[in-house]
Amino acid sequence: MSNKLKLALPKGSLQDATVELFRKAGFNIYVSSRSYKPTSDDDSLELYLIRAQEIGRYVHQGFIDCGITGKDWIYENRADVDVLTDLQYSKATSKPTRWVLVVPEDSPIRTAEDLEGKRIATEGVGITERWLAEKGVKADVEFSWGATEVKVPDLVDAIVDITETGSSIRANKLRIVDTLMTSYPQFIANKKAMQDDWKREKLTNIVMMLRGALEARGKVGLKMNLPKESLTTLVETLPSLRRPTVSPLSDDGWVAVETVIDESVARDMIPQLKALGAEGIIEYSLNKLVY
Amino acid sequence: MSNKLKLALPKGSLQDATVELFRKAGFNIYVSSRSYKPTSDDDSLELYLIRAQEIGRYVHQGFIDCGITGKDWIYENRADVDVLTDLQYSKATSKPTRWVLVVPEDSPIRTAEDLEGKRIATEGVGITERWLAEKGVKADVEFSWGATEVKVPDLVDAIVDITETGSSIRANKLRIVDTLMTSYPQFIANKKAMQDDWKREKLTNIVMMLRGALEARGKVGLKMNLPKESLTTLVETLPSLRRPTVSPLSDDGWVAVETVIDESVARDMIPQLKALGAEGIIEYSLNKLVY
Amino acid sequence: MSNKLKLALPKGSLQDATVELFRKAGFNIYVSSRSYKPTSDDDSLELYLIRAQEIGRYVHQGFIDCGITGKDWIYENRADVDVLTDLQYSKATSKPTRWVLVVPEDSPIRTAEDLEGKRIATEGVGITERWLAEKGVKADVEFSWGATEVKVPDLVDAIVDITETGSSIRANKLRIVDTLMTSYPQFIANKKAMQDDWKREKLTNIVMMLRGALEARGKVGLKMNLPKESLTTLVETLPSLRRPTVSPLSDDGWVAVETVIDESVARDMIPQLKALGAEGIIEYSLNKLVY
Amino acid sequence: MSNKLKLALPKGSLQDATVELFRKAGFNIYVSSRSYKPTSDDDSLELYLIRAQEIGRYVHQGFIDCGITGKDWIYENRADVDVLTDLQYSKATSKPTRWVLVVPEDSPIRTAEDLEGKRIATEGVGITERWLAEKGVKADVEFSWGATEVKVPDLVDAIVDITETGSSIRANKLRIVDTLMTSYPQFIANKKAMQDDWKREKLTNIVMMLRGALEARGKVGLKMNLPKESLTTLVETLPSLRRPTVSPLSDDGWVAVETVIDESVARDMIPQLKALGAEGIIEYSLNKLVY
Amino acid sequence: MSNKLKLALPKGSLQDATVELFRKAGFNIYVSSRSYKPTSDDDSLELYLIRAQEIGRYVHQGFIDCGITGKDWIYENRADVDVLTDLQYSKATSKPTRWVLVVPEDSPIRTAEDLEGKRIATEGVGITERWLAEKGVKADVEFSWGATEVKVPDLVDAIVDITETGSSIRANKLRIVDTLMTSYPQFIANKKAMQDDWKREKLTNIVMMLRGALEARGKVGLKMNLPKESLTTLVETLPSLRRPTVSPLSDDGWVAVETVIDESVARDMIPQLKALGAEGIIEYSLNKLVY
Amino acid sequence: MSNKLKLALPKGSLQDATVELFRKAGFNIYVSSRSYKPTSDDDSLELYLIRAQEIGRYVHQGFIDCGITGKDWIYENRADVDVLTDLQYSKATSKPTRWVLVVPEDSPIRTAEDLEGKRIATEGVGITERWLAEKGVKADVEFSWGATEVKVPDLVDAIVDITETGSSIRANKLRIVDTLMTSYPQFIANKKAMQDDWKREKLTNIVMMLRGALEARGKVGLKMNLPKESLTTLVETLPSLRRPTVSPLSDDGWVAVETVIDESVARDMIPQLKALGAEGIIEYSLNKLVY
């Protein structure tokens, strides 16, 4: 029987970004609207679309070998798993998700301590209760199925909710009191699965490709012809131009220089390269980058 | 201070149908994408968009006076509230929602009894546990955040899930073992709120208008001129043509007949009316119908 | 065994308009993207979605009892069927479809006779050959699978194509030489099916409802209160206000007048009614109208 | 030669609502994306799509007989025309358009007087200058081509802009200092055209139909059977139920009552009618209503 | 007079994919909704949009020099043309089109022989008749205008239809009995046109570019720096890494290696390259690839 | 305090193309639907979305340091600014915008001189008046708010309007008499701002990157292995293959050649390269190209 790796993808807001990341990493995943079990062009993967809230639990229990989910839900579930890599992407921006304690703008609650004896609604009951315990505060924490923001102040005194930019909070005339934790996606594996040689190597390779695809994001390739005498200056004055590949040209006075830089610094660096005498500067896109 | 009625609308799959029903009943509700508190053209209403799962709980506790939610979630929450009326509509069709016990097509589980000692995942932990207790069966029920169907058989032995048509179940090669309950939307009120005169009368009027709008759905108005001598035959042979309004016409041999019928029988009844000598048969649409 | 009527609906450009016409006539037809056999809320109908080109043939052969298709394709197929009613609707406008002989703007072909010995491409090979035979002209007629207009003058000398407004013809710098036939949808039935009592009555009722729905299109209901003394003038000066229903009112000097008019004349008639002393003039929409 | 009425419709934000209003009034207007001259099903109309800013000018000059435009632009252009009727509709809501003086939230400008010597940008140079003159204030008014809100405070000190709800103003952290004028669409005619008998009658009829369509908006028809003895109470206690049409029924103890009410009061009135013994209360929609 | 090549593109399901393939090959084709004759940025091309069913016929007759159409329709038309290259793409996937004999799931027909004396409907009358002749089976083959699947079993006994994935067949409860032929797009030319020097060279170049664009699909470029001593191992252990371009670097111990691989093997190969000591591995996309 | 450059982007038809151009140049600009002040990932930029008509004026006055707008509006505003570079892009195509004098097809106006004493409507009053003055013609020029084409011949005798392709003019049965000016976007700066060292250098770099992004459009990178002996022939016979980068390979008989060419010539050049013995020809896309 052939080897299989059971891999859980987070259903919901992270789903499309995750499938896209795998595609860039070289794994084409096909999600059908008729089935919860995606297929892929890698026959050794057995895929599951599971809510992010539950992936940590099932990986911990060993029903699933590995998966991508948020650090927050791993913590909420007290899942004891191996974290193989952080994956610094999120839905819209690259900002981490924050769990924040929120009250109405005009609430008297200003600190965690003011919550003593109050009622709090949240999707993250475990996160909230462990944070309150650390603070030594006693409060009523009730599970919220969503639309949490509408509940203050009529239904509860405070809420603990997820935010990325805080703009929805301000629009609802609410105020952030404190941040309980920040979170971002992680690639996790079951501890026992990591002791299986085939699974461990497979996981290592997947991680390398996922990281290669993430690295390439926001990076660009740069190549140019440079007068040989400028080469030293180039390396000295542009230390950020790391590890350029220098190759000889037929024309003895020139070398070909090739490197990878952050797309965001290209606009500053290209004028400097031009000033050093570079010619035919070309910028192009990358799919993957593995150092 | 003016009277206010706190009314909860179900956020999510029932939301648009509920807002549309209120509109037909004469209440224009405006849901803003920026706020969870809808507004309306009735200043005495204070509106909340809350998940159907929680409305029963908040109405029971009295934080909200009344709301529309499913019979299932009222039961799940053991909410002790007054049911003012059933509202026989649902998302796509008019079929009630069913909670069903589902297993893989080839599972050995055939009856509730076969669940003894098994693991079940469901969004309705209370519904499931109370049903198992009635059956005298002991099983592990765990809360599922969604995407429940993917969990059998790898993660759990059975699931209890909501279905309207069963088509998604068949598409996932699953099998329905039993039905735990059927559900449809209900308009509920807090018991104490019903003792307040203003609130009770307001609620009674809203119910009358909601029912008037529901009644008009699938009904049409019909009017025609009929030879006076056919009137008796009309009433005798078409008993389903209930309570026609008959008014005299200037032309003595004729009367004007007006009535309301189910749209679905119009195609059979109009030919019969024509055969009775009716002329100028007009069919038109209704907004509301209050008997 | 219960009676069944096999009814063919034209797949393609007329499909949506046909389903909508049946809906207005009181028959809800459900077309699924997964199946070619639509369902309906009338269990005695067995529905088929078939291309308009073939419906005449299958009704003629008796595989299907009845159907809606264009007069042109019935003629093309030499189908010997009963035409129950014309249905004067078409896709965008209410203009009939025309089959026209088309050549490039600068072609020497000016009359049918100029086609002698030429090559013609068309979807309607039968229509074209029978028309040429009537004219006593011999030409090569080849079947065209579509995109016919691109073929002149490089691939053939002339084409016979369908047009509704002629605008596409002008846009392609083509010229209409002659009109072979005009066509509109017809409801046809197999001759043998018409001898079956149940089928004939069912077909008669369907036709009555389809015509009732078509009649109501572009008509509106009008009602008003009118001074009794204006009644004679009303009938005399507005003969187009046919067969008004006049009923007495409690106020002796007034009568209630109700009628149905073409929507397009309402803008002229209402000012005249106002001039006659009419009050409270109301215009409303109709679903069906059966005289 | 047949009579023609040159009618200008406002191109832009009011366009669709205007075409829809004419449609409800019984005039079908066809706007083609390829031509600025719409066509209609009334051959005596010659239609122009012109910017609202210019319609007043061209009607005043007599190049156009009549048109629909905002009161504001008529005033801006100092157009001397006959106003045939106000048309109380606007793009999204039924609120009138307001021209407001706007400054940054933290600007020292608090009153019109604070504008002395300042720079103001606006699309309505005439409106602003005439308002400043009335206030006796001298300021620099420059024409703005749009995107006016971005200009304060970097490019000008204040702006005069159009608002319907004020929400965009708050979102840009601006503050309304004063309202210069409120505006709504008006149907205007050239003074000389009004002296032509045919044109004046045509215009009168169009106005009647436009008003009939506007009246019907937000109104509904109501009919019911009522015990004869309740009729007096009905009229006394529900004076808002104006001018009901009462007709006798075959059943002597009952009358048929029919009337038109505001849709927004139906939800209060229907329960009252029910309390008076009304049966079979039907509510239906209206297309036009001409008293 | 300048040389012209008449080229037919298949109108319909292959159209967009064909235009896109030409774009990738360097030919920008503009399809106007108003005209059937597309234009391009290559003045020596004269383009026609013709149904795939007819292209073979017109190329065979010489009205058109060349075109892209399916192998099936070339065969159906018995078109005697030069096939310049297969183009292994199709609408959604890269699977070839199959012509299959289809019957209802519960039909007694199990082999070609069971068709003796039966009725078959198909768009490919020629394909079907030639296949039946090869099998020595006599059956009635009638032309179907489309919607063929609805015809079994009520209208005909079997159909011959096109399928790519077979899913629509299963959804309609049909069964595939046999495959008549498989087909994919081909680039064909008229035999006489191939004897014209200019046309033959032009066709050769177009074929080279179309193949270059197809080759690049699913391939990626890979470059990296490699320790010189790993070079031999690289070539030996990764034979699939064909024809790498190896160039010297300024740093003597290292070489730059560049190659092209299938995108689908990148995920396996990159980890192996890394294990060999490769650094700065970059993967990038290709537009064209000509070996 | 840190340096800031105030930069105006043209709101409206050029907006999306401008933001996209900046993105390709390495500056990510975020336009919010709620605010007229875009943000970017370059903190030294302060961005404004202003109508193209006004940017020249504000840059001239110094309220804004620099901006992108059309040459036409700079001229209309008589703005005295530094033109840093032309940006040869426009909305749909790369054709320049033309200001043309337009009359009805059948107008007697044939030359500028025929305008004497006539009425002209235009958005570009300054452009038109200065052009008439050069021609020594006196005419009435009135400002048009848009929809200018509908005005001839009923409201004015001629119009001066913008066109890119002329197709809308023909569709409205109008005729172009003369071209007043052609225009394309320009990047302009305030003269005083250019004397500030930081601003001038910042502007120079932005221009270099914008031009680099524009250069890369329609260009592709090409690389291949070439037999050493073909190198001379390559350079001689393909002079358009400018400045190829030639680097040695491990295999002595071959060199690696890399260059950049116009995408539109690739289809002609690749066959020639192949004929010279080139192997492994790869074409890829560029983001930026700075010579």
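Order of writing sets the labels: A, B, C, D, E and F. Residues in every chain begin at 1.
Here is the rule we use: a contact is a pair of C-beta atoms (placed from the backbone, for glycine too) under 8 Å apart; a residue touches a chain by one contact, two chains touch by 3 or more.
Bear in mind the structure is a predicted one, so any value in this text is a computation, not a measurement.
With contact taken as defined at the outset, chain B and chain D are each touched by C. In this assembly, the chain whose C-alpha centre lies farthest from chain C is A. Of all residue numbers used where chain B meets chain C, under half belong to both copies. The two sides are thus made of different residues.
In whole angstrom, the spacing between the mean C-alpha positions of chain B and chain E is 52. We define each chain's centre as the mean of its Cα atoms; on that basis chain B and chain F are separated by 59 Å. With centres defined as mean CA coordinates, chain F is found 39 Å away from chain E.
Among the residues of chain F, those touching two or more other chains are numbered 247-248, 284-285. In terms of which chains touch, the assembly is arranged in some other way, matching none of the line, ring, star or all-to-all patterns. Of all possible chain pairs, those that touch are A-B, A-E, A-F, B-C, B-D, C-D, C-E, D-F, E-F.
Partner chain B is touched in their complex by these residues of chain D: 220, 225, 247-251, 256, 263-264, 266-268, 270-271, 274, 279-285. Residues 25-27, 41-42, 204-206, 208-209, 212, 216, 221, 243, 245-248, 255, 258, 260, 284-291 of chain C touch chain B in their complex. Contacts from chain F toward chain D in the complex involve residues 6, 11-12, 34-37, 48-51, 53-54, 58, 63-64, 144-147, 149-151, 154-155, 168, 171-172.
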